[in-house]
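The letters A, B, C, D and E name the chains in turn, as written, and every chain counts its residues from 1.
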Amino acid sequence: MLLEVHNMSLALKRAGRYSKILEDLSFTMEQGETLGIVGESGCGKSMTALSLMQLLPEKARLGGEVKLQGEAISGYSKRKLEKIRGNQMSMIFQDPLTSLNPLQTVGVQIEESLILHTKKSKGERRARVLQLLKAVGLPRAEELIDEYPHQLSGGMRQRIMIAIAMACEPQLLICDEPTTALDVTVQAQILELMNDIKRQTQMGIIMITHDMGVVAEVCDRVIVMYAGKIVEEAPVVELFENPKHPYTQGLLASIPKLGQRKEKLGSIPGTVPTPGSMPVGCRFADRCPHVMDICRNVTPEMIRIKEGHQTACWLYDEKEGKADAAAGSHELETALHN
Amino acid sequence: MVELARRIFSSPLTVLGLFIVLVIVISAAFAPLIATHSPTEVDLLSKLEAPSAEHYFGTDEVGRDIFSRIIYGTRISLRIGLLVVLIAFPIGTILGAIAGYAGGRIDQVIMRITDVFLSFPGIILAMSIAAALGPSIENVMLALAATWWPWYTRIVRSSVLSIKHSEFIEASRALGANPFRILFKEVIPNSIAPATIQASLDLGFVILSAAGLSFIGLGAQPPSPEWGAMLSNSREILREAWWAATFPGLAILLTVLGFNLLGDGLNDILDPKQR
Amino acid sequence: MPLLEVTNLKQHFTTKKGFMGDKTVVKAVDGVSITIDEGKTLGVVGESGCGKSSLGRSILRLVEPTEGSIKFEGKEIVGMSAKEMKELRKEMQIVFQDPYASLNPRRTVRQILEAPLIIHGAGDKAYRKELIESLAGKIGLRKEQLSNYPHEFSGGQRQRIGIARALTLNPKLIIADEPVSALDVSVQSQVLNLMLDLQRERNLSYMFISHDLSVVQHISDKVAVMYLGKVVEIADVAKVYDTPLHPYTRALLSALPVPDPTRIKSRIILQGDLPSPSNPPSGCTFHTRCPMATKECAEIVPPLEEKAPGHFAACIHV
Amino acid sequence: MHALRFIGKRLLLMIPILIGISILTFAISNTIPGDPARLILGPKATPEGLEALREDMGLNDPLYVQYAKYMGGIFQGDLGESTYSQRPVMDDLLRYSPATFELTLFAMFITLLVGIPFGVISASRKDRIADQFTRVFALIGVAMPAFWLGLLLLLFFYLKLGVLPGSGRLDGGMSPPEYITGMYTVDALLTGNWPVFYAAVMHLILPGITLAAVTVGMITRMTRSSMLTVLQSDYIRTAFAKGAPENRVLYGHALRNGIMPVITLLGMAFGHALGGSVLVEAVFSWPGLGQYAVNAINYLDFPAVMGVTMLIAIMFIIVNLIVDTLYFFIDPRLKHN
Amino acid sequence: QNYNEESEGAEGTDSPEGTAAESNENFDAEVFNFATNQDIPGLDPHGSAANTTFRVIYEFYDRLVTYEGTSTDPTPMLAKEWEVSDDGLEYTFHLVEDAKFHDGSPVTAEAVQYSFTRAIDVGKSAAGIFSKVIDKDSFEIIDDYTIKITLKEPFAPFISTLGTAFGNIINPALEENHGDDLGESFLAEAEMGSGPYVLESWDRGETLVMKANPDYWGEAPTMETVNIRFITEASTSRLMLEKGEIDLIDNTVISPEVLEQMKDTEGIEILEADSYQIDYMPMNTEKGALADPKVRQAIAHSINYDALLESVYLGQAERIVGAVPKGMFGFSEEAKLYDYDLDKAKQLLKEAGHESGLTLEIAISEDNEVRSNTALLLQSDLEKVGVTLNIKTYAWPTFLDLVTSGKHDFGLVSWTPDYPDPDYNLWYFAHSSSKGPGFNLAFYENSEVDSLLEEARTSTDEALREKNYVEIQNIMAEEVPYIFVAQPKVQAPMRTWVKGYELNPMNSWYVPFHKITKEE
């Protein structure tokens, strides 16, 4: 087991009050596996990633247990955490421009991880940096090493970010929307690179995204989050073919598909509740077409649908549940209030 | 509103600032009620008396009650601060908004003029004005306002530049709004926040500068209980009558501190980056 | 007669770059010709910086076009007086990408929606009130929400307010500049549905700018693919998506991640990034990244030609 | 090359500003009622003497002629003759400005030495005790009337403790070092004159602190807010994600980025200190431009007033030019653009 | 008051020896430290009218005559004796023969001629005094050490004027440094005298250092070194005096209030002396209500002089009646004193038609506590008779411009004569030709006064002159163009170890450094 997360929860201080951002997240990950996390903006995807890295803002209350390769890193001291960050686990951020220090050359920034975590000599480090640059598909490595981030294009910058993350050959790589800021053609390049890396290493990858297309392309298994909670977890094909949670179904239905023209799209009415004012019971209840009384009162537990597929919804019970109460997107119409 | 209040009260320093400013405003408003003596009445029999129940802050070299003078002094200081800011702020804001929004040559001209005033040593301007028109509080205000507005111009201009290409302004143009409407309804309301915060800090700084000018004899004239002038008059007897210099000095210090704490607090509260 | 006819439109920006003030010319739009028919939607796709927004903005004359002609209902817009233009603004409106930046944060929704009416002196107070409230209903806002400020709304709601603002003057054409790019999928579909409804209801024409191929294909009748300020392919939506001719279009389509894990993809991965529009490559601007590029491509500027009936592309190799 | 062109351009931009300033000063000095000739000659002058002197000083020319003459002189490096000291204004400025410059630079030195670390500490401990403390400390520096602070410092360090001197630039009876820059500390260093160097530094301390009180506050505050912004930026998170320890992130990544707006402010702070030196110079009897300016205005010494104003403006502009140039070298984004 | 006690106690207990040690540390019998807050504009005896200049050039140069100690009678200096012709036109001076300029050349009759002609040529302050009566043809060199000066018209105070700083004798070698400006720019920063001190160094705005002239022809100077230090902030110079870093502070620096406080400080002494300074209030007799003598008299009656002298001058001044200071030749004992009589004042105002009140303005120049307090008191006094007095403070140049151009109602001025003769003050104040710029700030005109003044000036008959001057004072007392407020005492704070400093009533700026000694 590469990663085990048990009941992770997080509260952040906002305007003097703590509000719960994440609640009781539990999931696991195997070596070499790519786990996707999807969900609407603000549902806590990034916070999940940052919680794993323990790179939270000040005054954060983090609960639960995180084990990396069996080691409970959640109790680590600052010192020990610094040792594993960038070494055993790395992270790539969404915006490749702002994520690089504008005043340092690319080479220096990649090298820093090596300085921090290895005992390599100067020459060895340089060699490794060049090697990394080539590995992420960057041309002219020799020159690039002395250039500044602003001299590079978005795609190149994101490759640099990946090189930084890969420098110490981590076991776990967390990617927070690594392609959102990029153009389609460049996104395709980066996804290709990710897939290459996946193939060549035994690294576990957590891929955070809100793009179902990206999920479909790179992930083995997917976690769907809604308002700080996991609502569904399934292998990727299973999720697309057999989504269980009404939210997942809605999400899939609202994507315009190629070949489908000028038709009404499925959509989810209403908006996500804010961290300060979470409803009791199921957080999706207000927007759910299948809402029942129980949904508004009792929080649903994770239910096993089949091997590897679970969801938190009152529509189902253990075993197979009330067989497919909600199936297709056509049932989730009601686009707008009018 | 409640939210704002909660934010303010979550920072003790901001509360302190608010408190000081309130005390000053109340003193100014109710000076005749709070003061125990006339601020200008000379009583040669009781000069340089130490603080006592009769004279809370003691008396000065001609026997005036320092406490009462300081209380009345709040009026002068507040008036200076407010008037200077009220003169400089609109001038600076409008020029800055025009420069930023219009761009091109107009921007160049306005900014060059601003540069002139910005690099013009303010204190020399103040001294010249005092020499030309006679030292008085009004002239000090004139001089301060003349050197203060360029700051607002700069601040407003740069925030206009940052929103100038905003889509809501573009939208307004697409709807056919004229530049005047855009400037006053869209641009200015959205770009004066930083200048407003600066203005609240400036209330303090203006008071401080005016006190400095009074200190070198360019500002408020003798009987007037202006703090800088009071401090100036008693500086030579600092040791014989510590109270005569200390209380005006503290009054200035606290006032400036108050406005600064408040301004800083507002900045932290209103600045989305630091939320 | 098409509602909008744009011929050989050029939009060049002269910018002083950086500290030095070196002048560079950015050919944001470089000879674009398109038409939009009444009640139809023209989708414009392309990567960031290819000049989509510039095209939209210069059609509305939010920036003065450098060259070319824009005819709205047969009337030439370029060179029109400010007064005439103001009248015309009632007919063409714009919806922006960023729902956060496109509404003045210091004005209430009512003020925002009322502004166009005031600017054009349309109707009296009561009329305006009624119109605004009916529009609000249309976009799913309750009356009392009209006195709220934009930040009190979600992204999707804001985007709908933006659309409502564009509709107050009852225009014929709406230029929608990436109206859904900033929205989550579930919200994006709400907005797309609304736009489709409105089109049907009012016989609106759209110029729909987006970099999301699936969205464009969903909403458009005709699609123009732009690359570095030029249209490289234009045709009915089905033609562009089913039988793309230009290698760039093909690459774009194949790069699109498809939300279907079972599909086996064969990808055309383009090398490198979009070149800078201030220093575009010679000849066919795409030749630096084109898998089919030959020597001539670097020399010949390929004209936009009808390669198949109603299907135009600018490539010498198709 | 880039940098040279940049500096050249900025220098050209100075010209309209200086012309503006000269017009402004000229206009203001000429609205001051009073007759310079009379002031020079005193109440006991004869009318003929007065008239002759006025003619001699060109006071009978129309204003625009006077202005044109003045500007004509400037381009030949001639700022006219002080009516008070009857020396070329240029000489006077060379005599008085190094003192002010030395004091201001020293104050800037203190400002950086104290302000930046304070700002960094404050930002990295946001809302904790250290932050509150440094903020209040900085604010008191800003809010304290400089003249009062100066007097209190004198009282304590000069009279009570007797550890620091009270006035002037050197101990009484000590002769200044050979004139090289006019800044005593620098000249003493260059000539290896240690007693004078020591005395000059000791004399700088109190006025320096007084003058720096305000700018320390400005810089601390700016460093704090700039660091807060920087600390929230993505690349700081990247650095932490690499496993860099806090201090490395603070000083290795954040500070260099956070210092940029501080540098800009430094130019402004310098201007502020130049202005503030008038008060501080008065308290510490520091024979600098402030004193010179006060005197010049008291004696309607127009050429001197013009000269000081222009000099201070030029210093201000040049310092800001230096600041911008510094910016240019620190920030690679500007260099490559 | 307890802070005071505490601090004194603290200082006392701190180190009784400490204080002593400190003063020892700063005590140096050879070096004199003098503090002033006024910078020296330049050193040219003919070009400057500043007291700070006078103070130092009086030590660099010698004059034909000088004023010793507290005496206001000219005593021989370079001129060991002189004769005056009966018509008062011809003056023959016999010079001492051992006087040498600092470059070693002898002081000769030629130097005398050179100095006076240059004074007139330069045409600045000094010329104001001399050009009335002498020109370049007035000189006749009889031999190296004898010179005859012939006046254009009789001028009784001539000898007195020779003792002023304008009468300093300059080394004719200056001519070598002339350039095209009569050596003005050179002499502004150098000295070419024969006096007891030579200029050692001058850091503008900081210190001027004088060194004893070892070859001085007269009595050897006592102080080896004199530092004239410019300390702008009065409280700082006060601190430095207390520390013993300063021996003497210029008597204009510290206000009476503070001097009062300093009296008890150990090691410090306040030297008091009479002076010829007068503080007075010109009333513009050509403008508005003040043109009416009744109004002026009424005002003279409404001032509470005793209270003024007591509270503003803290008793360190005497009331005066006329333009001639007490103690000077020609002073009128009998001129009318206006008493503080509000009824009379009201009566007079009524007669003048101002029953219903009157608003006037007093112009003062900034930064002088005595003047501003005087104005404040005046304001409250006049209020009692229904006169509203607005106080307007101006910068000195503006003030000067205002009062010399007659735009004022009242002014408030301090004045010290340059030479001890009533002619000086009265001509300036009362002669019609001096109106305005000539410093007749009352714009007073009385033909009788004019002719009395002219007669006295050209006469050599002391008795006649005295009679005329007294008469003028009486006339002016009746017509009140000026209210003479006070003749203040001069108070100079100094270390008790300073000995031999005498304040001359006329030249209160004069510090005879060459005669002062320091003894602990």
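Convention: a residue touches a chain if its C-beta (ideal position, glycine included) is under 8 Å from a C-beta of that chain, and two chains touch if they have at least 3 such contacts.
Just so we're on the same page, UniProt names per chain: A, C = ABC transporter ATP-binding protein; B = Nickel transporter permease; D = ABC transporter permease.
Everything numeric in this text was worked out from a predicted model, so none of it was measured.
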item: Minimum number of chain-to-chain touching steps separating chain B from chain D; value: 1
item: Result of counting contacting C-beta pairs for B-C and D-E, higher pair; value: D-E
item: Euclidean distance of C-alpha centroids - chain B vs chain C, Å; value: 49
item: Separation of mean Cα positions, chain E and chain A [Å, integer]; value: 90
item: Separation of chain A from chain C, taking each centre as the mean of its C-alpha atoms, in whole Å; value: 31
item: Chain C and chain D, separation of their C-alpha mean positions in angstrom; value: 54
item: Sequence positions of chain E contacting 2 or more other chains; value: 235, 395, 397-398
item: Multi-chain contact sites of chain B, meaning residues that touch two or more partners; value: 131-132, 235, 238-239
item: Shared-contact residues (touching 2 or more other chains) in chain D; value: 32-34, 151, 155, 282, 297-298, 300
item: Of chain C, residues touching chain A in the complex; value: 47-48, 137-140, 154-157, 184-190, 192-194, 196, 211, 213-215, 217-219, 237-238, 241, 251-252, 254-263, 265, 267, 269-270, 272-274, 289
item: Touching residues (chain side chain B, partner chain C) in the complex; value: 166-168, 170-177, 181, 185-186, 189-190
item: Sites on chain B touched by chain D in the complex; value: 11-13, 112-113, 115-125, 127-129, 131-132, 204-205, 208, 211-212, 215-216, 228, 231-232, 235, 238-239, 245, 249, 252-257, 260-261, 264, 267, 273-274
item: Complex interface listing, chain D residues touching chain B; value: 16-17, 20-21, 24-25, 28-29, 31-34, 127, 132, 135-136, 139-140, 142-148, 151, 155, 221, 225, 228-229, 232, 271, 274-276, 278-279, 282, 290, 293-294, 297-298, 300, 305, 308-309, 312-313, 316-317
item: Complex contacts: residues of chain D adjacent to chain E; value: 32-36, 38-50, 52-53, 84-87, 92, 95-96, 99, 151, 154-155, 158-159, 162, 166-170, 172-173, 175-176, 281-285, 287-288, 291-292, 295, 297-300
